[in-house]
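Below is the structure I would like to discuss, written out as structure tokens.
Which chain is which? They are A, B, C, D and E, in the order written, and residues in each are numbered from 1.
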Amino acid sequence: MVNDLLPLILVLLSVSVAVVIFPLPEQAARLRSTVNIAGAVTKVVLVMLLVPVVVAEGARPEFSIPFLPTGDGEAIPLVLRVDPLALFFAGLSALLWLLTTIYAIGYLKGKPNRSRFFGFFSLCVAATVGLSFSGNLITFLVFYELLTLVTYPLVAHWGDEKSLQAAKLYMRYALGGGVAVLIGVVWLTMEAGPVDFAEGGAADVAELAATSPGLAALIFVLLIGGLGVKSALVPLHSWLPAAMVAPAPVSALLHAVAVVKAGVFGIVRVVDDVYGIEVAWELGVLTPLLVIASFTVIYGSYQALRQSEIKKRLAFSTVSQVSYVVLGVTMFSMAATAGGVVHLVHQGIMKITLFFCAGLFAEAMGAHKISELRGAGRRMPWTSVAFTIGAFGMIGLPPTAGFISKWQLGLGALESPHPWVLAVLVVSSLLNAAYFLPVVWLIWFGETPDPETDDDAAGGTKVREPAMLLVPAVCTAVITVGVGVAASLTFAPLEIARFIAEGVFS
Amino acid sequence: MTELVEFSLGALVLLPLLAAAVVMLIGHTARRVLGVVTAVVTAGFTVPVVATVADGDAPELVLGGFTAPLGITLRGDGLAAVFLAGTALIAVVLTVFAALVPAATGEHLTPSGWRPGHPGFWPLWLGCWAGLNGVYVSGDLFNLYVGLELVGLTAVALVALGGRKSWDPALRYLFIAVLGSLLFLTGVGLLAAVTGTLDIAQARAVLEEVEDPTAGLLALSLMTVGLGMKIALVPMHRWLVPAHSAAPAVVSPILSGLVIKAGLVILLRVWLWAVPLVAEAIWLAWLLGALGAIAVLVGSVLALRQDRLKPLVAYSTIAQIGYWFLAFPLLVTEHDDAGAAPGAYSAIVALAVGHMVAKGGLFAAAGYLKLRFGTDEIARLRGAGAQYPALILAMGACAVGLIGLPVSLGFAGKWQLATAAVGAQQWWVVVVIAAGTLLAAGYLLRGIAPLLLQAPQESDHQLPDTGDETAPAAAGSKTRAEGAGELLILLLGVATIGTGFLGSWIYDLLGVGLW
Amino acid sequence: MLELGFDAITWYLVISTAVLMFGMVRLLLVRDLVARLVALDVTGLGVLLMLVALAARSSDETGAQAAETGAAGPDAVLQALVITGLVIAVAFTGLGAVLIRRIEGAKDTEGSDSGEESPSTAGERDRDD
Amino acid sequence: MISPVDLALGAAVLLVAGLSLVPRSRLVVTMGFLALGVLVTMVWLRLDSLDVALAEAGIGTGLLSGLMVWLAVRSPEPPGAGGMEPSPRLPWLRPAVGVVCGAVLTVVTAAVWLRVEDRLPAWGGPVEEQLPDTGVEHGITGVLLAFRAYDTLLESAILMLTAAAVMALSSTNLHQAAAPMPPVPLALPWATRLLVPALVLLGLWLLFAGSRDSGGAFQSGAVLAAALILMRTSHIDLRGLSTYLLRPALVVGVVVFILAGLVGPMLGLPWLSWDPDWAFAAVLTVEVLLTTGIAAGLYMLFLTLENPEGVR
Amino acid sequence: MSLVADILAALLILAGTFFFTVGTLGLIRFPDVRSRLHALTKADNLGLGLVLAGAALWLGDWAIAGLMLLCWIFALAGASVSAHVIAGLEADHASEREPVHSVDPGEEQKNQESTTTPREGDQP
């Protein structure tokens, strides 16, 4: 039925947008923007159409073509299958892609190489959507590597020495991770046959874990190691702060939604849909991963504290926030898994707000350091409000989405065999407050800069906040609060996350 | 239907040969037209062969009606069909490219000095293509030698078209190529002495009864050394880089992409068809595997240290050749227990065809850039991407194919090689593949990244030499034909990605006519 | 008919192998281009010598095999192969010779260091000394 | 037992091969190669294969050595030529290694030759039975132009393409074909006028004898090429021939061979199949045109040995 | 085939080979080009004639004898023409070569007509 073609259409939509945009000459800005926004809107609409079909009726539209031959004749297929978790992540990326496109059009007005930028930009989203819909490990690996390839030109967009170095570092890490995942997938396929994602874990992986636990654990380490690179777990995280050199929309979409989330999404897939939570628990691989995640959470927040640049601080906060998801998933309790999965979305929305505001500050006031934000409240009121909401969300104060996910994680920690994780959550929240509140204080209550030190004669006067940049930032701030308040609605992220968690533990 | 297929088996070789002969008589522009027409028609003839093989049976043509031991039979089995199709795709694109951009075919000497473009390219290239097709479909050992020699000599002549600096590499290539063919001929002589026939299938039948394997083993090793020289396996690879980088723009993809594959196909014919795998042959396979691993590492490291684009791409060829030989130990071990996945054989073919498409595109792009900017030094080509976006995109796509990243035939080949290695418990193969992939990413990035990203004018650092840091001025404005040439190279890049989905189809194709 | 003992053919086979190996080793080691081209030809001659020796095997075979194969003279197919091999040898030698002429013609112009005393080189009008 | 003649011939071949490989001076090397050609011709006569001996004498010894001598004379050693690649540290190391592994390889191959119990080729009988319907009595010509016509076609294409390559290396309008050769005393032109008709006659006889007795396209092609070269060296004006006739002559052999091969599929037979009743006519026409092709090809190799002005 | 004919044939062939060796000795020992030409054309051709006569006698067939004679005549023609050409060329170049230059064996001696006997002692 037509639904089976929907996942393919969603992936090919962005690819076709890219194919249209690449040959466009630089000055065709108007045409390029319309094509971009049209693509984004149709994608969001299509995802919205899928939500009732998949979540309510439980349908699993699927599209597959034979891709790699196996020994005995039949081929391992490339499978695109829509299940609640896939829809969850695809929805997030579709929505935020629309907002980031608007932001990017405003941000890059008049800059060189925009056709190339937007071409790779839509290819990147195509890879992300493909990654979320992938139905087996091979397809996931294909889109995982494609994502690396496509984000390289985005990180190196400005073309100067710094961004080239950052892009090279990123490529080295990402390709290393990719090769590790490739070896893991090859090994798993040879030992347990082609692995399909199935709720509650693939059957033949379970019997592999039963027959030779050591081998299964080793393969698990390989896979998680490879995915850990993109989800910036501690030893493998140093590419993320370095990649902050990229333009703001890139760091917004990539490091809030696409690249980082792809790694974590992979870990959720491996833990829940390849091994299955029980099998992973018996193998005893969850606890070490939990320890690494906790360490990353603390270490990320600590490093963020020491940064003086806004974007660097946000980068390290991403490092720690992303590990919350890993925390939730590896705590072997239904509430914690729901909390982890829902944090996947909440963190995306909040972090993209903060990156939008950072871009706004840099663009309008030329403020890169935190100290330069003194008195920004009066000069850029709307951006500062959005920034504050985002900051409160990160800390986890009640009305925002952050509170919901941290609350859920806390509940999960209590009923899980690792109560000490609650302490980690509390400490991390305190650290979040420690590095976000001074910034908020500086923005609102920082005394107006004395005229002679600040050459900006405008002193306290209002600075024009470009609408194209401001609207997306405010939207995401409103969504953050909206999701926090309306957490109990039927199709709210929390409900879908609970639904997924039940599937995992069934 | 069988009538057409048998006719097309013969036509695949004799038609380009006829065109090569006729093209020597006509003028320059007429040569380009006839060349393109022949390319399209010959590619057309591959369709019935591939179609017949796709639905299961391997067509055979008994030349002249004289049966096997005396006459020659042409066989279009799976291996032949896959390589015919790959060669046809690349050959058509390169022929049209050579027709559109005549300057890419070398430099010819007129009384008033050197002029770009060489009309002598056409007969040699069509002859080379005929030889390639002859080698793929031939079922007779001596015929393989004659085909190999035809490909070798025309390849040497094609290199020599590149003007004064390409003569010395061409001569070195001639020595090694002919020595390789002579060693192969010695092997053929030895086999003819032992088996009394020159036909591959019959030779195999006789060799299986002969209980004393030494003659078969000696013939196998002589042929392997000879063909190793032709394919430029590591210890015998020193001729490849100067020859491929001095060759004209459109000739280096032909050399790297197509000519080397002739040696590989014959090697596979000898190892899998002609000589039965006896226990003693295992050490030879392991030697090839070790040389393959060394080739991958040495080729990649040397490629990393190149500062010019074409030698870099040539060294990457040496590295990719290493992968094909890496699979030989797996080929042998799998052969005994037929149950294990015969992945190694289809891995070699997938890697070879993937390399054919990707390397063809990359070398064509590198040659084209050298043609437009007069130099292939990476430092001075910095920022060339601004004027040639489609070209850089094509180079990126081809680099994906060479590194072996997903959705490319290279990935499918590496995947099958890795699974076969894991199946046969050969972990070192997986390690070499991983190292090779990362190194390949390293040197290809080093080659292509500076082209892609141009620091805006106000970049602070000055280039070491006094050249202004804006992209070096291209030789004159880009004519419409060269624009079309660029799109052709992009077509090769897209083909690299497109063929990525054919992994399993090629696997089924290869099953036809396997010994 | 010549009284060719069977072992005469083996003797020629050994000789052809020796010539083949001698030519190959020399080809790989020597640096002068003409010497290498000659070495290549000598290797070619070695291989052809081997093939003809094989062809001669069936010419005087007194054994039963000769009777039923009815081979009167030496084996026709192998001889045809040798003739083909010969023509190919001429082809690659011709190409090699012309390439050497071009290289040394080019090298002389670039490296035209020793002015007069080195005999006047490429120039088709010079005297045949 | 091995008759002393074979022993002497074998040893002589080895000795002269050494003579043509080891010395440093180019002239001695080419002289050695010329002598080796003659000796090998005698060995092949010894091995009772007359056709090959004729071909070797015509092509191998005659033309090839002519090319080599011309090459050695026209380009005397560039400075520092000759000798082995001297390895910096131990000058004797490389030759020693070379000799050792050469000897080892020879011993191994010889051992295999001695041990291998080879079997007689299976095509002895079929040649006899199927020879009549190729319209040719002589076995070798039958094999060359009927049974394995495909090999001969490819091989004549190789010669044609080598000629094309060699033309490509010279300047396009073959102007040096017209360039005068160095002056030669009167005796040679006079002798040429006498010899050339005899040579052409010999060539044609060899060609047509090929169907009954030993001889054939390649031997006669070599003789005709020798006649052309002789005329060229003795200043007989061949400019008309070389600019207009040479290229078509080069190409016509291969073209007609393929078109004749195409006749088979027209009648539903496989490629390159001659119908018994017009087989002789087809084989003969193909053979004649092959001869012109080979003569033109070999002559072309000789012609383009001269460096055009551009390449000083 | 009487015994006498056999002995006579053997003698003839022996004489022929003797003349060949003498010719080769002359080639090696004589100082300049002209005297070498003299030695070669005289002794070798005669030697060839004798060997051919001996062979014809040995085979005892008139047709073959006629063939041998034809061979000899062609060989003579070839030898004389090439000797004449070499002498002519040597004369043209005589003026160019520096007179003080002692005729060292290094002067490359080129003989188009390859003698059948392998020459061992060839000057480098």
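Just so we're on the same page, contacts are C-beta pairs under 8 Å (C-beta built on N, C-alpha and C of every residue); 3 or more make two chains touch, one makes a residue touch a chain.
The model shown is predicted, which means the values in this text are computed figures rather than measured ones.
Trainee: Moving step by step between touching chains, how few steps can get you from chain B to chain E?
Mentor: Minimum number of steps from chain B to chain E: 2.
Trainee: Ignoring chain A, which chains remain connected to each other?
Mentor: The remaining chains, counted without chain A, form one piece that is still joined by touching.
Trainee: Name the two chains that are joined by the greatest number of C-beta pairs in contact.
Mentor: C-D
Trainee: Name the chain with the Cα centroid closest to the overall protein Cα centroid.
Mentor: Closest to the centre of all protein C-alpha atoms: chain B.
Trainee: Quick one: which chain's Cα centre is the longest way from chain C's?
Mentor: Measuring from the centre of chain C, the most distant chain centre belongs to A.
Trainee: With chain centres set to the mean of the C-alpha atoms, which chain is at the far end from chain D?
Mentor: The chain lying farthest from chain D is A.
Trainee: Measuring from the mean C-alpha position of chain A to the mean C-alpha position of chain E, what distance in angstrom results?
Mentor: Each chain reduced to its C-alpha mean, chain A and chain E end up 95 Å apart.
Trainee: When the centre of a chain is set as the mean of its C-alpha atoms, what distance in Å lies between chain A and chain B?
Mentor: Distance between chain centres: 42 Å.
Trainee: If you average the Cα atoms of chain A and of chain C to get two centres, how far apart are those centres in Å?
Mentor: Taking the mean C-alpha position of each chain, the two centres sit 70 Å apart.
Trainee: Between chain B and chain D, what's the gap in Å when you average each chain's C-alpha atoms?
Mentor: 30
Trainee: Quick check: what residues of chain A touch more than one other chain, meaning two or more?
Mentor: Answer for chain A, listing residues that touch two or more other chains: there are none.
Trainee: Can you tell me which residues of chain E touch two or more of the remaining chains?
Mentor: 89, 92
Trainee: Where does chain B touch two or more other chains at once, residue-wise?
Mentor: 70, 142, 146, 149, 153, 156-157, 160, 164, 167, 192-193
Trainee: Which residues of chain C touch chain B in their complex?
Mentor: Chain C residues touching chain B: 20, 24, 27-28, 33, 36-37, 40, 43-44, 47, 50-51, 54, 57, 77-78, 81, 84-85, 88, 91-92, 95-96, 99-100, 102-103, 106.
Trainee: Which residues of chain D touch chain B in the complex?
Mentor: Result: residues 108-109, 112, 115-123, 126-127, 130, 143, 146-151, 153-155, 157-158, 160-162, 164-165, 167-172, 175, 247-248, 250-251, 254-255, 258-259, 261-262, 264-265, 268-274, 308-311 of chain D touch chain B.
Trainee: Can you name the residues of chain C that touch chain D in the complex?
Mentor: Of all residues in chain C, those touching chain D are 2-5, 7-15, 17-19, 21-26, 28-35, 37-39, 41-42, 45, 48-49, 52-61, 65-66, 68-71, 73-84, 86-95, 97-102, 104-109, 111, 113-114, 118-119, 121-128.
Trainee: Show me the residue ranges of chain B that touch chain C in the complex, using the header's touch definition.
Mentor: 70, 142, 146, 149, 153, 156-157, 160, 164, 167-168, 170-171, 174-175, 178-179, 182-183, 185-186, 189, 192-193, 198
Trainee: Could you please specify the touching residues of chain B with respect to chain D in the complex?
Mentor: Result: residues 3, 6-7, 10, 13-14, 17-18, 20-22, 24-25, 61-67, 69-72, 108-111, 113-114, 118-121, 123-124, 127, 130-131, 134, 142-143, 146-147, 149-150, 153-154, 156-157, 160-161, 164, 167, 190, 192-197, 202, 206, 212, 214-215, 218 of chain B touch chain D.
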